[in-house]
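Down below are the structures I want you to see.
Both complexes below contain subunit A, partnered by subunit B and then by subunit C.
So, the complex of A and B:
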């Protein structure tokens, strides 16, 4: 019997995943493309992310206890199902590398000025390995355990940043083409809801899934939008210089200077988020890997993941800059297929004698 | 077994008992009826033996047979048994009467041995509420529980464990409330224990735990009958072991330890505040030394400037690295703690003086350790004892966080926290998630979580584990 995760845990995972790669470096990257109108880009991209969530919910209602791999097999046959899973595995691995590099840069700048790269590799790999090997249920429960703390701290960071707020951001200062260009090029920071497709058979089927998922999604979306709003308000024309949005909006809070560096709250929260998001991505990668190579056990798949990760990190094959470069060049095309076309095909394409569940 | 006379029966019994020197036997002959009494001298109540058994036998004018003696012996616990069964009964402190002409024997339970009277346990002292605690005598402990339930649904089940000790272990639960499967599972686990002897209830804990190699406690241990009664009412199963004042409970959840019996006898607002303090104390005791060392070694830039100046001034010229200094102070405290536990009480004051003044103060003055280091460790060690039952596991965690904080800094501390929570989330206590009601969240059980509701608001039994009857009140 598959050990399922509860509706609340699924909703919390949705909420936690939504923060991935969005509240650190992305605000400044978006500012470079379309100035403060980056706020609308994030609004637009969050709406697209919401579409993926809706597609997941639709698929879940159509196939309550079938794995995504089986759905793909049913619709497209084994060969194509495996091919799509290879694409998903590549995508999840890229996300891991991106997240790892962004977090490494962030921690290095903020609190680990003299620390070695190996500390991060060691810390992340130990936690990812131990968590993934225990399964999705303990991961989901742990995220549920810390969720209140994470949410409280994020809200606290935004509340602290209000002390620095003195004017509204200048909107509509860039061309419409920048908006579309920025949206397309920064698709790589989105698509986190894809993990849900891999977890689809492990999510408890319940009537409340839809409402709770949407509620938690919007909670996170509001927090993300608040971070962008405060960031563009506080830094205005210098926003492109500040690469760590959530930290920077409180670091420069001169009113609290006597209390020391309050951005430590943001650092701790990003640590929690990074660990959980990496665990989820690694879990999704391993799930895909096991489906592709059906004879491999979880332990062997994990070893393969570790070796791949260590090789790429040690050879600097994908460092921070390379990850961003791949993200803005190749990943958007892959994203369009994986985020939208693949789930849409699964919903609309009818194939196989037993499959009569579609709109 | 066929015996021609009473002497043969007594000889056989004494041989079965290996001619142990504390075995006593008496023979009475009256009106042609012969009977023998066999018992262990040190295990019976002498006064009760003379007044309740021996004198009635001597004064009896009727025939001395099983039925007559059952009537005249002044004891509430008289049982007809076979000669074979009498060996076990004698070992349990019964006086066994053997008849020459009858195959049956009589076992009279007048067991007596030195036993403590119920007193307040040192680890569960209360300001308000019942003060009695369990003793080493299982009969007293059963009485202490029974008198809180004048109800036929309180069921006690006996299991005997230990090849040589043959220790009596009793399962206590409420019929119609506790999960039948849980009771059966515990009973079968107890029956499967193959060990030479059980000296204390802690001996069987490892047989009941599902992850026996884990650092974390997975079986509840309680010293007070009021707490046990409350746990039985919730649908848990209590396990009493003869010779132990610690009663075990199952299923056990991690957050049970932050609940104290005092919480239920005070205002729920005050109790909630105290529970928050306890939880904070756990965090302080486990994380603060590690976080302090992480900040000193890796993240000096996040320490507020005023603190940084103080720390820098007081740590200048120390011979140890920050990590070794903290480890040294921590070990010093640990040694003093171990010594104070085992030293006779009259030496306690001397230990305090040596510990606090000579080792602490002189250590700082000699420039071996720094005052901030002493303060951090002292705070962490004191905070440990707000939850004394978990002190040992928290101590280990304290050292783990210290090592991780000193080795890789803040990311190690956060990582270890996540590792521990993931690990604890994977533990299952007899079908109940170990971190419930927080992970997974069980909304109705949160009323007895950190923030407490009133007794009136706790309308249902815990849903974190299986109960047959969820309703507690209308």
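So, the complex of A and C:
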């Protein structure tokens, strides 16, 4: 059975991951920090995300069939490798909680105000379990199957929002310190490319990997930037009030009221994106967990994940507000290490001639 | 059965599917329909009596019928806060109050005596009222207004949404949604416009309904409420004053949509702007077309003391801002593409000279004079009210930020900016 994912599937995963946590509440949060200059923050943070992608590609070219854990073990030894994987596991679990809470809040407001956490847990958790247990290849194939549809819907949303376009956002209206502060504090919504490091040995080695990954990355980046541009153009001074950017940019105009609930398009997009992103994050978490506790099987790791997830959600230890609070306070410090230093160390740190055994 | 288990073992996704079916199907089948638990509110009105909020809901009642007729119900509840009033409304109705499908929010002039943003904020953030919902004001008790709207809809199929859409698309300078209102409120100039739909006695233009409703405060409000009235209203008042009207007609009320809007400053009601003044504001807006120019006393080689009526089919606006000797100057070049639609005069042969593309020097001169006077009248009111609903400050800030900031340091507040701007307007007309 083939255990690797194709170059196209990898590129599509990159594209899908890039939307995580960026097109709902983040535009509004960035506006609160630096007004419409949030557009430049997202541009800057996407550039940093692109650096992570480049580092992944470099690592892939250096170690075509070695797992990230083995690379870390080679460079830093078993203890530090496990420690780094613990950090990654915590990070991925946080990302799952953040994504779940943001999506829950979104669906709660837009679709089903009476829906409890229980319904959402069952809706998401069953699919996540099934997908993770099946492995990365079925997940990648599912994403590949729906990718065209998701992309079409996103472009359709942006096209609809053009009808509401009136004037350009007021750029360069905040201080430089707000820009850097906003960039640092909102790092928690980025770093999605870290999943690729965990998947590095499962990606098919191919000459086209670099070009396709970059192409799909830029496709998503352009869509995200368009959403931000339209959002700040349409909402101007009230951007801070709109917590569901992709829905709000299409339902803003009174001209569309008679057409019914147009935001159903956005709801469908977010539903697909949330499922796929949660599956990918859960998969990455389980991969880390298995490496940390090498004697545990995938099924047991999944059970641990489920129990942890259900416990935290039911006890509201990490709800919507707490997830964002942790995100802006603790995660940025962890992010700097995980996003940049860890991959850089892996590329540049040499440990004698041991590398030879991986080629 | 063995085959099934083999299939499940081979594709565990089937298990997930079975689990979801088992969990969600029974609940979906057993659960009552959404309309049983949730009310469909199409319009919400808020009023305030001393310390109590009064919330009136126009709700759509779904019931099985073969005539495709729609049934609406008006429901009012009061409370010391909006959330209490809405909860009480839910109790009375036996349903959750759902504002997802609400198209129109109505505020009374009572409400507009205080900053309404906190109330709107509650409705938008907590009660999930869409921000694309049309926001309008009325002069009377909101319950009577909703009753009127319900009856109007039943009798004539005219509904509030259609009237609001028409105003927003063809009459108003700007759309008057909640978001547009909040955008103005949170902008540096802190002002916006709101559609105004008064209910008045039946001696003026409007949409009457057969059923007479006794709402004594309407007469009172019409007399005392607004600082300016539309010309149509005033003319009709004069006409009816001479003719006299019977008591039945006086009890009748009418919805008067003469395109008037209210200036809302810092969330409170400012002056009422008549449609005539709004015409002056609309010259700054490329979206509004269909304006009518009535030129009196045209004397040229073809006409003598004639009244020519032109329709503006298209307009082009080119504007730029600059600072001359430290003062802000707004330059606007207005190109109007017009058609001559009516000719009235003393001589019968005037009609023979009626050409849709007719434009003489005199016409050009008169049009320029008329448009400029309309703009001047509108600006006078906006300056008096310190209400920059045209976004003049915004335009300067976007295009000349450094100079505007310096200028603002001199004058203090962005609200005062519009009164310091020099407007240079040139108007030219072309046959369409």
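The rule is short, and it goes like this: the second predicted complex is superposed on the first by the 352 of 359 C-alpha atoms of A that agree within 3 Å, B and C clash if a C-alpha of one lies under 4 Å from a C-alpha of the other, contacts with A are read in each partner's own complex, and residues count from 1 in each chain.
In this text, contacts are C-beta pairs under 8 Å (C-beta built on N, C-alpha and C of every residue); 3 or more make two chains touch, one makes a residue touch a chain.
Here the structure is a predicted model, which is why all the values come from computation and not from measurement.
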Subunit A as common anchor, with subunit B and subunit C clashing or fitting: clash
Which superposed partner A:275 touches (first subunit B, second subunit C, both, neither): first
Subunit A: partner with more touched residues, subunit B or subunit C: B
Which superposed partner A:241 touches (first subunit B, second subunit C, both, neither): second
Subunit B versus subunit C as contact partner of A:217, first or second or both or neither: neither
Partner chain in contact with A:129 - subunit B first, subunit C second, else both or neither: second
First (subunit B), second (subunit C), both or neither touched by A:113: both
Among 21-29, 39-47 or 291-299 on subunit C, the segment whose C-alpha atoms clash with subunit B after superposition: 21-29
Set of subunit A residues, in rising order, touched by both subunit B and subunit C: 113-114, 122-123, 126-127, 130, 134, 138, 258, 261
Touching residues on subunit B, where the partner in the complex is subunit A: 298-299, 301-305, 307, 408-412, 414-415, 418-419, 421-423, 425-426, 433, 435, 438-441
For the subunit A and subunit C complex, residues of the former touching the latter: 109, 113-114, 122-123, 126-127, 129-130, 133-134, 138, 167-168, 170, 235-238, 241-242, 248, 251-258, 261
Subunit C - residues contacting subunit A, complex: 12-13, 15-16, 19-20, 23-24, 37, 96, 98, 100, 103, 124-125, 128, 130-134, 161, 164-165, 168-169, 175, 177, 179, 182-183, 186-187, 397-398
Residue ranges of subunit A in contact with subunit B within the complex: 6, 8-9, 107, 111-115, 119-120, 122-124, 126-127, 130-131, 134-135, 137-139, 141-142, 144-146, 258-261, 264, 267-268, 271-272, 275-276
